[in-house]
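Labels A, B, C, D and E are assigned to the chains in the order they are written; within every chain, residues are numbered from 1.
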Amino acid sequence: MHNFSLIETRGDAGKAVSMLLARLLEQNMVQAVIVPAAVPPSVLPMTRLLNNPADLDQTSPLAPVAGVSAATQAAKISRGPQEIKIAAVLRPCEIRALVELHKLNQAQLDNLLVIGLECPGRLENQDYIDLQDQNQDLDQRFYRDEDLQSRIAITCRSCIDFLPENAHLNICVLGLDLDQQAGIAWDEGPGADAARALELKPGQEPGERGRAVDSLRSQRESAREEVMSRSRETISSSSGLQSMIAHCLGCFNCQRACPVCFCRECVCSREAFEQNLEMLHTRAGRTGGIRLPAGMTMFHLTRLAHMAHACVGCGQCSSVCPIHIPVADIFRTVAAATQKELDYKAGRSPEEPIPHLNFSTEGDQ
Amino acid sequence: MKEAARALVMGGGVSGLKAAMDLARAGCSVFLAEKQAVPAGLLLGLDRQFPSNHCGLCRVLPPDPSGRTWQACMRRGFGHPGIEFFPGFEVQDIQGSPGNMSATLIRQTLMVDSDKCNACMQCVEVCPVHMPDLFSTGQIPVKAISRAAPHRPPHHLAISLEACTLCGRCRDACREGAIDLDAAREEKVLDNLDFAVLASGVEYCLPEVYNLYQSAAHADVITTLDFEALLSSAGTDIMRPSDGRPVRRAAWVQCAGSRSLKLEADHCSGICCMISLKQASLAREKDIQCSIFYMDMRTSGRDWQKYLDRAREKGVELIRCRPHSIEQVPEEQILRIPHAPSPGNQQDRDFDLVVLSVGRDPAWKPPEYAGREGVFTSPGSRRVLDIARSIIAASATAATALGEDRQESLPDQEAKDQDQVHSRVLVVGAGPAGLSAALTLAAGNIPVVLVEQKDHLGGHGLSNISPEQRKEVQDLAARAMEHKLVQVYPSAAVISCTGPAGGFKSRIRDSSGDEKEILHGAAVLATGGRAAPVARQEDRTADIFEYSRRIFAAGNSGEAPESVIFILCHNTRQEPANYCSRVCCSLALKSCLQTLSLRPEAEVTVFYRDIMVQGDDEELYTRARSEGVRFIPYSPDAPPSLEAKDGKIRVKGSDPYLSEESEYEAEQLVLAPGVVPAAGSEMARIFNVHSSAEGFLCEADAKYRPVESGRAGIFICGLARNPVPFKEAVLEGRAAAMSALGLLKQGLDSRLQTFVRVKPALCSLCGLCLEACPFKARYAHEETGAMAVDPLACRGCGACVAVCPNKASAWSEQLEENVHELN
Amino acid sequence: MNSTEVLSHTDLSGPGGGGNPAQICLGCGTCASACPMTGIEGFDPRRIVRLGQLGRFEELGESSLAWLCTMCGRCQEGCPMDVRITDMIREARDLGGEKTVPQAIGKGIEMFMETGNNLGLPDEDFGFIVEDVAEELTEEPGFEDFVLPVDKEDARLLFTLHNKLVNTQNEDLKHWWKILHAAGESWTLPGSRWEGVNWGFFSGQDQVLKAGVDTIVGNMERLRSRGLMYPE
Amino acid sequence: MNTGISRPEEAGTDNSRHKELDVLALVCNWCTYTAADLAGVTRLHYPAQVRLIRFMCTGMIDMRYILSCFLDGADGVFIGGCHPGDCHYLTGNLKARVRIKGIRPVLESVGIPPQRLRLEWIGASEGKKLQEDLTSFARVIEQLGPSDYKGMNLV
Amino acid sequence: MFDLLVEYISTQRIRLDRDRIKKKAVYHDPCNYGRKSEALFGHGYFHEPRWILNQCLEHWTDMQPNRARQYCCGGGGGLMLTPYEEQRKYYSRRKIEQIKNSRAELVVVPCHSCHGHIRAMLDAQGPASIEVKYLWEVVAEALVMD
């Protein structure tokens, strides 16, 4: 992004950002805001739609947690009436998911002012709740406490796409002392319009940020390499794959939590209800009977086949698995191979066509 | 109107099939006679066709959304519920008058009873008669009894009675009693025919008959038809007939058997250039060195010039010289062609195989009954046409036959909108094509809304140089104005069109700005074209259209310039207008002749790249030359340069025969810049159909569905689709109308059954199916936004089902069980 | 073949006889592919036809082009438009005037017009030569009784000779004599104006051509021969 | 699928290992199946372990069909469609191609080598090519041996 | 001339011995008797000389191409008498090639001009070992005298 501005946080960066959002509403730059907020008695910030500037001080835009991926909700809400423009605070993976959903006609990007959040990672929901009990200002402390940062979700620990892409306005936290200052970055277009409304003055970006980003990236890259190679190794045989998914309960949580799995109802979940009993009997007659509900391997492979090109690596699937199958590791591994083969990157650009719709006559078999 | 006209179609090639199917779809009882045992004629031998270089044998038969799928690859045969097919029969004579004609059919091919035959092949073994294969001209001899077609199973044998001597050896050899030679004398008489359509094509020139290039003496001098057969049976290499060695160098020699006064063949067969280009392009894929010897490369079709450019890019060598002879180098098994590609430069070139590009047999004449009343002859039975033009001509001929048959009947006033299908057709453009379409539809009792931008009907047809053709257009316009079923909107334009086939909703706006909504089931786009603009240096320059109008308007008493220079292909047939406009050459030749007839001493010079006249128009070219018009070829790299000086036009160009740069002076300069579509891109946008870079509307399938756009229910014809001369525009209009008529008829008739459905409860509206559907049969409902299927457009490929991740797009209930067996 | 026949088939008025005038040329190149001379000094039948179309015969006659042609007729045989190319060459040669006629031909024609043969050989010398060869022939077995029938009247066949047989290749005179002798033919050799080669045909000079023909017709009338054997 | 799963006549290969291997050939009705017809007519045999399954168009081959084949124990899946441009439904073959391109890395990641899935364009007149392609594919599968997923009885 | 020979042979006024000439021969169609005669008089002497040859010797062949499409020897039209010797050589290259390709040792011609020119050209550029004979010379050689 070309423009950068520092804002004073006075010890509460979340609040500072909330105020900016409120101002966007006041200035009528947007008519609604989507942002995480924990409304008592809940302590877990969840995606919330707000349109009253006064309500903004209840929100936690920088909370290091994502109850569910906000992309699904941002996408849905964006398909509403055109005259309602919405600002959505989203993590990089959520923006990527949003871009994918846009290609699938599930989101109206024109209706959104996307505010990206630089993401050092999110805590698992339960961890956040537990830590919240122990730390009063968890959201603010998280950014200066390396110990807290090391407890982020497993998928996040090896995420290298922690900088938001395709947002109009970025909230910058890396390499900054959030107790003093947070950063806002923007490009020409809607982002610049918003920055003007917020009376942000472009200034010098602290050099420290670059170094912080590089160091985080190199740390994440080596972590990612390790995770991926382990996972590659494991799933590359039928028995290895089975060892990972054998415990699958068939709850379909992973599918439901996946921000890019956009089907109203997964074909596999429907099939789980519509088992062909005759076929099951036939198969059961072969070696070793048949595991019920049938079709769980097919379910995971189907999801891979359908969505590997669109996987944004958010890790929600792993987070929601009740028996801790590293679904995201499998997915990211296959996704890396698929996206490389198709010369495609999920969420890279709203203009990039879905590879499966490229019916070019060029090339050979 | 009679319930069902009885129609006889003669010829089961692509034209005959098309005419028969169109007539059947229009409700006629159709009888189809084909002298071979299998239909599709020459097409069965053409595995790949220009300009796509693809096979299209599964596209010959029409798509049928009702699920009664008789369509199939033509190699597997032909069956059609509305057509009684007489394979092996040829029409010998037709008697009587329209409405009560009778035709005598005699056997030409005798089929062996395939139920009894056990494919032992004893009959073929004992048959003493060798004859040329149906799909070549003699290089691959077969017996008088042989397999009915190359792709037919061995127990489908047929006897060609043209060759058979009825010696009876095959019958005696057959232990199964499958051969009934008595049936050879079988005759059939079809009575009470209302009309007949002749679509049996033309005979091809056999080089041996005319001793072309002493072909009989060289086994490796073959014809283009033979080459198709070689190509079809080829693996990685093409093997030559004499010794079975792979061909490494091949030559094509154009105009074998035509463009020769000595052979009394002053005609052009029109498609041989393209066939040779295609064959050479395909041979290049097998790494064969390919050279084509030609005089003019007659790439006279919309995409043909580009096809030639592609062939050249692939390495096909074009040599502009007609060889005198093909010499065999003894013992080396080489065929040598001495030639002189440029004046004073003679070379030898050696080949393994020489292909003579043959067309119509110069001596061929249509059968005697072709001219009888009630016998409608498809233009494809007068001259050689490519597949698309054959299809258009056949459709148009069927339309004409049908129209005349119905003239006596009263228009069906009760034609009304039923359910979702409106019977009305919107015709846009009232030039020759649009008028023909409108009147053809009206003759079929289909109400027509005819929208014309100008305040009068007729379009460019009114400025045609031929008085007969002008008269024809005026008559069409007058009939359209009078016809009860034709509602004319002059000075109006269509501004939008939404909805699926059968249920289109279009808005038209007239010159006063008033808008009106029209519901219609189909649309015919015939928005025509106009002359491409020329940069005029001064008023001594005219384009070919202006000039021809001027000197023809003068009658025989008018003034012609004392000297005139024509420059053909001026800024055309090269990017960005890389196509032949097809009308300029013959117009120029006619203008040359008219100039000389007005002023015999006039000096007429024509600079040209390739003279593109086809069929008997070749005679125009010959006449122009013999009357002293001087023709100077030029290359697009070095076009003649122009200069105006002292009231004269000066043209600098080089005469390759004299190898000298000369300056030519003339009182008048005539440029032929070609034609451009008038409103192509605009129409493409409004009607959501494809258009080419040049703005021509594109068809669904360039070969087999030439007048259908990619969107069901939208038909295209005339200059809006491709450059066509007047007569072809009329044919295209009729053909488009015939297709629209068939579609509506089908929509109105049938209990429409779709192949696929959408389950709205599951559908996420992602639109993948919209993208995947190749026929635009998917659309989002205007109001609800829900995905819907257009039953008139859907052809059941299942792309939408496959692309839908959760099967909200599903097969119809009838099909589902079968399709999902594997799943 | 006889002379009257030759005349009735050749239209001496120039191009346009039985075939088509140059204008109809298609420029197809069949002639140029056929002609063995194409390429020499820019020679190309298409060029000749083009010059013909433009009426620029003189230009053609004045250059060596017209003289490079052997008038073999391959071009015309192949021409799909039946353009009379060789006739055009003849005309061009004539139009080029006497100065362009190659020396040997010019000389020969001069001699012929003077003496009745292209060599300018006196009749006495001719008689001496042929008698000499005839005598040689009688020395061969089977031909002992051979007598050369010079100026024999009322013979069935009149034989003209190619001058080269008289000039240098006398041996080759014998072949026909042997055959005629063996067949017991009634034939004769003119003692003068025996020339059988008509160079007027090459030069395009019709008056020479005609003189040649007249010579033969004259001989036939004189000797009352019924037929003619003509070497060219 | 709705159409006959056809086992061709024994093709003169007596290698018994062949019998254990299953090769499914999913072919398009218009071109490749016609080619198979033609191969039959001209007595060109293809390997016995190949089972031909006819689809109206390769464009209707869902990725899940391919997964099913492998989970069901297929050792190789061959897809035969029209040459680009020849598709009766214009672009069905190209859809098949891009799907195959997309699913190959998935298969490869989970232990199904890409060689086990092959796409070939086989025109209606190319009975010989059909035979050659099927034979060479069967040979590749033979070299690879049984698939890792064979006998797992996964669905 | 051809007619006369055919007449002599077919009416047995002369008798011929086919075994005398052993060399493999090749026949050259002179332009004047073939192509041009065909064009002018509607009859080209293509068949007759071949028939005559058949009566005279065992082994002979045709040049490629032959009859109406044959190449001129290069000596016609008076060209032999012109000073254009190099040009004539160029012209004759095709004839010489044809002769070589035929693998014959003897060229038979029924024309003085062709005879002279082919001889000269063979001497100048071709294998001079190839003989050139008149058709009637061949007949004369095969003559059987009682």
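As a working rule, a residue touches a chain if its C-beta (ideal position, glycine included) is under 8 Å from a C-beta of that chain, and two chains touch if they have at least 3 such contacts.
For clarity, every value in this text was computed on a predicted model and none was experimentally measured.
J.: Could you work out how many touching-chain steps separate chain C from chain D at minimum?
T.: The fewest touching-chain steps linking chain C to chain D number 2.
J.: For chain B and chain C, which third chains touch each of them?
T.: Both-contact set = E.
J.: Looking only at C-beta pairs in contact, point me to the busier pair out of C-E and B-E.
T.: The greater number of contacts lies at C-E.
J.: Could you work out which chain's C-alpha centre is the most distant one from the centre of chain C?
T.: That would be chain A.
J.: Closest chain to the overall C-alpha centroid, by per-chain C-alpha centroid: which is it?
T.: B
J.: Taking the mean of the CA coordinates per chain, how far is chain A from chain C in Å?
T.: Spacing between the chain centres: roughly 102 Å.
J.: Averaging over Cα atoms per chain, report the distance between chain A and chain E in Å.
T.: 95
J.: How big is the gap, in whole Å, between where the Cα atoms of chain B centre and where those of chain D centre?
T.: About 36 Å separates the centre of chain B from that of chain D.
J.: Counting only Cα atoms for the centres, state how far chain A is from chain B in Å.
T.: Each chain reduced to its C-alpha mean, chain A and chain B end up 56 Å apart.
J.: Touching at least two other chains at once: which residues of chain E meet that condition?
T.: In chain E, residues 69, 94 touch at least two other chains, as defined above.
J.: Going through chain D residue by residue, note those that touch at least 2 other chains and give them in order.
T.: Residues 64, 68, 85, 91, 95, 99.
J.: Send over the residues of chain A in touch with two or more other chains.
T.: Residues 267, 306, 356-357 of chain A each touch two or more of the other chains.
J.: Going by the touch definition at the top, which pairs of chains touch each other?
T.: A-B, A-D, B-C, B-D, B-E, C-E
J.: Would you mind writing out the residues of chain D in touch with chain A in their complex?
T.: 63-64, 67-68, 71, 84-85, 91, 94-95, 97-99, 101-106, 108-111, 118-121, 148-149, 151-155
J.: For the complex, which residues does chain B have touching chain C?
T.: Interface residues on chain B, with respect to chain C: 259-263, 295, 320-325, 337-341, 343-346, 622, 625-628, 630-631, 633, 655, 657-659.
J.: Can you name the residues of chain B that touch chain A in the complex?
T.: 761-768, 771-772, 803, 805-808
J.: Please give the residue numbers of chain E that touch chain C in the complex, ascending.
T.: Per the touch definition, chain E meets chain C at residues 1, 4-5, 8, 13-14, 31-32, 35-36, 38-41, 68-79, 81-84, 87, 90-95, 111-113, 116, 134, 136-137, 139-140, 143, 145-146.
J.: Could you please specify the touching residues of chain B with respect to chain D in the complex?
T.: 47-48, 52-59, 73, 75-76, 151-154, 232, 235, 772, 774-775, 795-799, 801-803, 815, 818-819, 821-823
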